[in-house]
Amino acid sequence: MYTKKECVAMLLAGGRGSRLYKLTDKIAKPAVPFGGKYRIIDFTLSNCINSGIDTVGVLTQYQPMVLNEYIGTGEPWDLDRSVGGARVLPPYQGTTSDWYKGTANAIYQNLNFIARYDPEYVLILSGDHIYKMDYSKMLDYHKERNADCTIAVIDVPIEQASRFGIMNTYDDGRIYEFEEKPPNPKSTHASMGIYIFSKDKLFKYLTEDEEDPESSKDFGKNVIPKMLNNGETMFAYPFSGYWKDVGTLESLWEANMDLLGDNPEFYLNDRRWRIYFRNYALPPHYIGCEAEVKNSIITEGCNIHGCVINSVLSNGVVVEPGAVVKDSIIMANTCIKKGAEINYSIIDTEVVVGENCRIGAPRADNVKITLVGSELEIDPGVTIEPGSMINAADLASLKNKNN
Amino acid sequence: MYTKKECVAMLLAGGRGSRLYKLTDKIAKPAVPFGGKYRIIDFTLSNCINSGIDTVGVLTQYQPMVLNEYIGTGEPWDLDRSVGGARVLPPYQGTTSDWYKGTANAIYQNLNFIARYDPEYVLILSGDHIYKMDYSKMLDYHKERNADCTIAVIDVPIEQASRFGIMNTYDDGRIYEFEEKPPNPKSTHASMGIYIFSKDKLFKYLTEDEEDPESSKDFGKNVIPKMLNNGETMFAYPFSGYWKDVGTLESLWEANMDLLGDNPEFYLNDRRWRIYFRNYALPPHYIGCEAEVKNSIITEGCNIHGCVINSVLSNGVVVEPGAVVKDSIIMANTCIKKGAEINYSIIDTEVVVGENCRIGAPRADNVKITLVGSELEIDPGVTIEPGSMINAADLASLKNKNN
Amino acid sequence: MSTAGIIFANLHDSNLPELTRQRSMGSVPFLCRYRFIDFALSNMVNADISSIGILAHYNYYSLMDHIGSGKNWDLARRSGGIQILPPNVSAYAETPATYYNTRLEALKYNIFNIERIQDDLILMCQCDCVANFDFGELLSEHESSGADITIVTKKVHLTTQESRNHVIFDSNSDGKITDIHVKPNDITGYKDVSLNVIVISKKLLVTLIHDAISHNFTSFYRDIISRNLTSKNIKLFRWDGYYADILNFEDYFRTSMDLISNEENRNAVFGIRNRPVLTKVRNSPPTVYGDNCKVSNSLIADGCIIEGKVENSILFRGVKIGRNACIKNSILFQGAQIGEHVSLNCVVSDKNTTIRDRSVLSGNESLPYYISKGRMI
Amino acid sequence: MSTAGIIFANLHDSNLPELTRQRSMGSVPFLCRYRFIDFALSNMVNADISSIGILAHYNYYSLMDHIGSGKNWDLARRSGGIQILPPNVSAYAETPATYYNTRLEALKYNIFNIERIQDDLILMCQCDCVANFDFGELLSEHESSGADITIVTKKVHLTTQESRNHVIFDSNSDGKITDIHVKPNDITGYKDVSLNVIVISKKLLVTLIHDAISHNFTSFYRDIISRNLTSKNIKLFRWDGYYADILNFEDYFRTSMDLISNEENRNAVFGIRNRPVLTKVRNSPPTVYGDNCKVSNSLIADGCIIEGKVENSILFRGVKIGRNACIKNSILFQGAQIGEHVSLNCVVSDKNTTIRDRSVLSGNESLPYYISKGRMI
């Protein structure tokens, strides 16, 4: 079998994303639903295939079942290849392997996967961001400069820069310093966590890093600084465009809302850069006689009889007559019963919101977002205070309190 | 998505198979090559699809990479389905999960995978045996008897029975006692490690077993005896036909040899029960002008210029002029150089046997089988004694000794 | 017993000349995202029929595109799966006639393919109806009844006018068919009409086709069924679920409109839990509703952008409705671009039409205004 | 620049009437496990061409079966991939002529499909040759040379007899084609003959086809290339690797025999590490050699059972050679069952033939004895 590939992508999809709270109780962050039909990882996978990269190792660890099943054969992304394609890479038991200990260790444990394709370049990605990016341009940039490592950076406002890893570069883009969350940032080039390594350097540094007992086996903390210290040729690749880390409930909500409006901040209906996703043949959605829908996104299998405003609805959502959904994200197969009112909330999958429930409060400056975890059944008339994060246990205690 | 299946198969493929020694240094036992073109797991997977079972969870743990890649999308076995199909299930990190602790625990950790298909029955298999079996007949047997658990048994000679788990049954096949490797076996019905459980019972007993701190989480040691104790309806399903555990080098060698001859003990060319496997488009094999081939199996990509007798050659094997291969198994892409002689040996993949090497000794009663591990390069003229098991380290020490 | 499926993709294309100019009956778009063949295919797949041949003798490009490898019906198999069988044009002058018109002619032409089927039973159906059949029940009924041939019927009340479009059966109390009336002139009242779903053993079918070849028969009902009423055990299987026949463009329009408003009928087709209607899945983003839209009683596919008013209508994938447009009682196929201040009533627009700002188009329910593929108005 | 491929599956079928009675040139079996189209397809896939249209106008069933979903060439894609384009028979009388014969007629007939191609370049080739081309090099040469059209040629020594089978180019020192001779009568010596592999931009090809439609041109070389020699920059790309033309049955036999014995040529086709020849993979078990077999200088597919003598021969999948049979200089297609004590010399047997015990059949190298599909002797 001839299996050579010029560039192999390794997608770190193992993280829990604990700041998404109850959304990631049962799924890893890259598997969190987004924009009505997508999951967060779809954007990175689609970027890969649209950039001509057809070999993607997806490194899973935390709750991989949903992701594993979702990626499946890779067919929705045209990544079901006899050589390469999308491959889920869980941790495994072998002579030396174990749970992944850090981003660098995760890649290290899968060096034999990479080696099989004998690539010149390895692209390291994470499955946590919403963006459209042509990695092939970054690869060209890397090749033109004969770099050992190229790191994609995006300009952030200087006042936020101290929340990021900041790359300080010369005028030609060469990096001379990397600072993780610097209190006094010298530049605004924030690392996007997207790296291209020339393969031999990656193998060398990962092997060394693995042997270093002091290392926490992390790209940002260990590998990148070490390479800089050793004077390797490292460039920052400037990216401009929409890029959003959806690591908190607020940012996830914002990114969903960025899809709305006449000129959405983030445009999904882009024929030159399609975002692929796994979907099934659900019936078309139905908008009833009494329904009112404004500035919203609705998709297959929905049945809308109530009022939906400034909201994003996933497939199979039912909104009964008289129910109101405003400034909210409703995930798949959730049912909002008659007269219920939902404001500034995220309702996870398969929830039943009982009749006349009140969830959250109208969006305002001091109002916090409300979250209802998956597969809950909320009794009629229950009120859930704004800012609550509800899962089954919370619901039980809420019930006791109300009784 | 409608995902119901009547019966889901769970294939335990995590074992190392340490009695296969250096053959399983880098791969799990079910991934060991067999019969020129197959891997051991192909027989179980083909049995599934031929029996109409299209949903197979493959539980991996030890060195899963090769198996993972080999199974891939499941396409060679027609198991690339949008619902069901072959799914590799590695251990994962979650609230309660960890490395698989035993066969029962492995299934327990994947109950949510099974539950997704809401089956009436669960078929538990191992990927360690060479056989052809129609599981649908066993399922019919299970259904007709309204059993809670049905265990496939095969009659073994009474003198070997103490090496197996023995099922003692009434005349109607109902099991009243299970003895693991009994010193004085009462019957010759040896368990084949193939179980059909009615789903609810399986879920009940696995959950209980998981909570039992005394249990070693094993079907044979814990779950089956417990069910018997509780008086569940358990039947033995008698199987007759070829069935071989290829757990030792000798039995692996024997099973390969069973493919040879005019009336082979195990017949591969069976149109009604095809054995599927993943293969690639290699050129046809070439038999040269000087070659001598007798009573052997040869496949794609081979180049035979020497003498091959009573042997099984995998794809891409080269036998140079004057080389002799006798009573041996040569795995993929191994090259036997000029004048080398190989007797009663198993040579793993990608080995180069140098010119005029002598490996093993002609087969005789007191001669033990010889094993050469994968990816070795044996210098010209080296002699490897019969009964040796050679890997890279052994080869180095051998070299030092010879120098 | 294992069952293979045969679907006639082109039968009765002539009933819908508007929509079948460049496509087969099987690939006529329906209800936002489906094609007619999806019903036949899904019904088969839901009854575990995994080897399906589609007989298509013309206009099959759109069908080939829709079916692809069969993945969407989980039928991209190494053995079995879906096979489209276009006429095998031969280079040799002595093999003529790639055209055939009737069911029986199609079977005769494909006898070589039918002989290769390895299943015991064959279920045949066509693509001019909307129904979610329980073929599983049909097959077990066929087996347990011991019938040689089972034909699915529906008991309907016929006027003289309507009876001319149907094949009508008389039967005894066992369900054995005793007489057959092919498109009769004078039959009225409650009758069993054929739904053109036929179960037969492969062996018998092959025998009957060879017989038809040697006798130059051309009609399945007239020449085969009616000649064998006594010698064979031919039974009917009465279907009492939802079923809509598409005999003409008016039927197409009426059935579509009914499935918008009538939730019960819609659920009888799309809402059966273990019998989903499968179709080609696409990569459309979800539909975006603007600030000033007003949508009611409509079925809407993904990928639309709606800024105007939509009422009692069906929008396919990628339709754009401009501001202040008003769409009523209309069916807009994939990619329609509707400008601002447009007013449509009883319009059916084929793929990729463009309606410029301020156009007013209005048809009638009995004769909807049809706009052909790619037209700009 | 991205490139789409077009493969003519039926061109020159008439050269091999024995083997193309029920199949296209593209699906003629060759060398144990391949079909001719595998070379064209693999060459394209190995140059990262992932959108390929196969123009087939008759006898395409075997081709459809061989290609399937395109999985084996890793071309079962959601976008792009392999598409077989049979003639789209229409129901309407006004669209006639589903037959075409020349390359240009095929292109004209498929203009609608060609216009939909989204790639910049188009590489066209056919199926009557055995070669492992480096299309990647061809494409970069085309781009860097600035040519409008690049045609692959091979410099060969021609006799008058041979030149009648070829298109011959004169060129200047830059490789620009200055004159063209289509099947000339009187040209001998070392000449550049066309290998019928053509690179052209999609835009230019569409323009030229429309021009050909409006002028009713029928020959690509005579009407398009020769008329544009001055107005366009048409270059040749000389191929000096292995290349075998299959102009007739004798060529087919001779090329097969050569590839058995000549390891260098075999490696030039099958032994190039980064350019494998891909084909449909099957589930055959490995080949079993009996105790009394004697095999030498032969190429053997999987799934055979060999108990007799085989010399200088090619055995396809599933061939069975009985005891004491002696097969020399023969090519046995898939499924041949050769009885005991049979003697064959210079025989080519098509699929699934049976040769009964003790038969003796012998042809000649210039006219091998051909046994048609399914025959029993």
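For reference, chains read A, B, C and D in written order, and residue numbers begin at 1 within each chain.
FYI, contacts are C-beta pairs under 8 Å (C-beta built on N, C-alpha and C of every residue); 3 or more make two chains touch, one makes a residue touch a chain.
In this text the structure is predicted, and so the values were computed from the model without any measurement.
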Completion exercise
More Cb-Cb contact pairs, comparing B-D against B-C, go to B-D
Handout entry: Chain whose Cα centroid lies at the greatest distance from that of subunit A
Key = D
Completion exercise
Distance in whole angstrom between the CA centres of subunit A and subunit C is 41
Handout entry: Centroid distance [mean C-alpha coordinates] between subunit C and subunit B, Å
Key = 48
Exercise for the section: Note the residues in subunit C that touch 2 or more other chains, in rising order. Expected result: 71-72, 76, 78, 276, 283
Exercise for the section: List, in ascending order, every residue of subunit B touching at least 2 other chains. Expected result: 1, 75-76, 80, 82, 276, 280
Handout entry: Residues of subunit A that touch subunit D when the two form their complex
Key = 1-2, 4, 75-76, 78, 80-83, 276
Handout entry: subunit D to subunit B touching residues, read off their complex
Key = 31-33, 71-72, 260, 266, 270-271, 276-281, 283, 285-303, 305, 307, 310, 314
Handout entry: Contact set on subunit A toward subunit B in their complex
Key = 1, 60-65, 68-69, 72-75, 80, 82, 85, 87-94, 99, 112-113, 116, 280
Problem - Sites on subunit D touched by subunit C in the complex - result: 10, 13, 20-21, 57-61, 68-71, 76, 78, 86-92, 98-99, 283
Handout entry: Residues of subunit A that touch subunit C when the two form their complex
Key = 35-37, 75-76, 259-262, 264, 268-269, 274-277, 279-281, 283-300, 308, 312-313
